[in-house]
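Paired with chain B in one complex and with chain C in the other, chain A is shared by the two complexes that follow.
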Partner chain A sequence: MPEITSPARMAHLERLIQFVARHAETAHFPTQRIREIELAVEEILVNIFSYAYPDTTGDVSLTCRVEDDLRLVLEISDTGTPFNILNVPAPNVAAGIYERQVGGLGVFFVKKMADEAHYRRDGDRNILMLIFGRHRHGAEGQEHAGGVQE
Partner chain B sequence: MEIRQETINHVAVLSLEGRLDASSARDIKEKVSSLSRENRINLVIDMAGVDFIDSSGLGSLVSSLRTVNKLGGDIKISALQDQVRAVFELTRLHRIFGIYDDSTAAAMRF
Partner chain C sequence: MEIENTGKEKDRFIITVTGRIDAVTAPEFETRLLDWINAGETRLIVDLGGLEYISSAGLRSILTIAKNLKTKQGKLALCSLRDTVKEVFEISGFSTIIPVCESVAAAVKEK
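On to the complex of A and B.
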């Protein structure tokens, strides 16, 4: 499976996102869907860059494949602090401007954009598997639908 | 991210160009803070040139709105591209910000 490993730093963000986007483009995923996949990948990577290695530096690895031109299967792994990002509570997007948390939306986007999301700790690695279909679940009726079930 | 500033109907219009993401979120917050110190608290943020926004970018807009709201001002948003509009709708920010087709229409609503 194609793999890319890079230092977990913002300077490498675009290259890592492009690695994933190229797979979706090759499989002729719709442009809007590719932007959604990029958003999910970006949120995960920025989280890793910001929090996985608080006292040191480290790498992030991505593996990616497209199954039957229908499903993009992505694994993002790091050797940082054990952390299941999927356990982050959902933000209250119905809250008003002053009640809203400014952070916390990243995982919300990941869960909305991916059809499936699975976390496992394997040895010293955090491994997050994300699966994206060609179209986002519930994208037609947007506000309350779609994504990984809570 | 490039931020261009002009004035329409006595309202400061900030036209953004590029990705509004973790690397550029601080730019917009600093720009709005700087304007608010000059008591320019009614703003339009034109997003015609923004083709990608993430949670950090949204956070910068929410934070900027709070800054001007506290001073009695407001931020209106104009010209959302498809990806950006979808993200606004997912997070229901289209119910918090006034969203307009173009910057002139937004500036005229103050």
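On to the complex of A and C.
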């Protein structure tokens, strides 16, 4: 499976997102869906860059494949602090301008955009698997009952 | 990301942003707008017709700018949002706290 490994730093964000976007482009995913996938990838990577290695530097690895041009399967892994991002509580998206917090919005987007999200700790690695279909589930505003684990 | 002042209508200061507002470019976006605000422009219209992508980092900057303008009795309007950007605003609930207009012309007409 195609893989890319890079230092977990903001300077590499664009290259890592492009690695994933190219797979979706090759499989002719719709442009809007590719932007949605890029959004989910950015939110996960920025979190890793910011929090995975508080006292040191480290790497992040991405593996990506598209199954039958239908499902993009992505794994993002790091060897930083054990952390399941899927446990971050959802923000209050109905809060007014003064009460509004942006914390938690990133993972909220990930859960909205991915069909499935699964976290596992494997040895010294945090591994987040995200699966994206060609179109976003619940795009009509309906929460789908799929496999996103809370 | 490209950002520039593309005009002024009545007292409304018009800014055009194209490209992507992500975790890398959001700080520049925020700094440029805060510089204009600190120079006295407190009624801003931001034309996002050429913006193809925004992430939570960009929303954080927009929230900072909107809160800053509130303290100055200023006003922020965003206009011409494209599909993906509009979707991000709707999912996050930002479309209910930041005025969004169809076009710059429509935003100028708002009080």
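Just so we're on the same page, the second predicted complex is superposed on the first by the 139 of 150 C-alpha atoms of A that agree within 3 Å, B and C clash if a C-alpha of one lies under 4 Å from a C-alpha of the other, contacts with A are read in each partner's own complex, and residues count from 1 in each chain.
Here is the rule we go by: a residue touches a chain if its C-beta (ideal position, glycine included) is under 8 Å from a C-beta of that chain, and two chains touch if they have at least 3 such contacts.
In this text the structure is predicted, and so the values were computed from the model without any measurement.
*Asks:* Taking chain A as the common reference, can chain B and chain C both be placed on it without clashing, or not? Answer clash or fit.
*Replies:* In the superposition, chain B runs into chain C.
*Asks:* Should A:E75 be classified as contacting the first partner (chain B), the second (chain C), both, or neither?
*Replies:* Neither partner.
*Asks:* Thinking of the overlay built on chain A, is A:I97 touched by chain B (first), by chain C (second), by both, or by neither?
*Replies:* In the superposition, A:I97 touches chain B and chain C alike.
*Asks:* So, A:E43: does it touch chain B (first), chain C (second), both, or neither?
*Replies:* In the superposition, A:E43 contacts both chain B and chain C.
*Asks:* Just chain B (first), just chain C (second), both, or neither: which does A:F109 touch?
*Replies:* Touch status of A:F109: both partners.
*Asks:* Could you tell me which stretches of chain A are touched by chain B in one complex and by chain C in the other?
*Replies:* Touching chain B in the first complex and chain C in the second, residues 10, 13, 32, 35-36, 38-39, 42-43, 46, 93-94, 96-98, 100, 102, 105-106, 108-109, 112 of chain A appear in both lists.
*Asks:* What does chain A use to touch chain C in their complex?
*Replies:* 10, 13-14, 32, 35-36, 38-39, 42-43, 46, 93-98, 100, 102, 105-106, 108-109, 112, 139
*Asks:* So in the complex, the part of chain B that touches chain A is made up of which residues?
*Replies:* Within the complex, chain B touches chain A at residues 21-23, 51-52, 54-56, 58-59, 62-63, 65-66, 69, 82-83, 86-87, 89-92, 96.
*Asks:* Per the contact definition, I'd like the list of chain A residues that touch chain B in the complex.
*Replies:* Residues 10, 13, 32, 35-36, 38-39, 42-43, 46, 93-94, 96-98, 100, 102-106, 108-109, 112, 142-143.
*Asks:* Enumerate the contact residues on chain C facing chain A in the complex.
*Replies:* Going through chain C, the ones touching chain A are 22-24, 52-53, 55-57, 59-60, 63, 66-67, 70, 83-84, 87-88, 91-93, 96-98.
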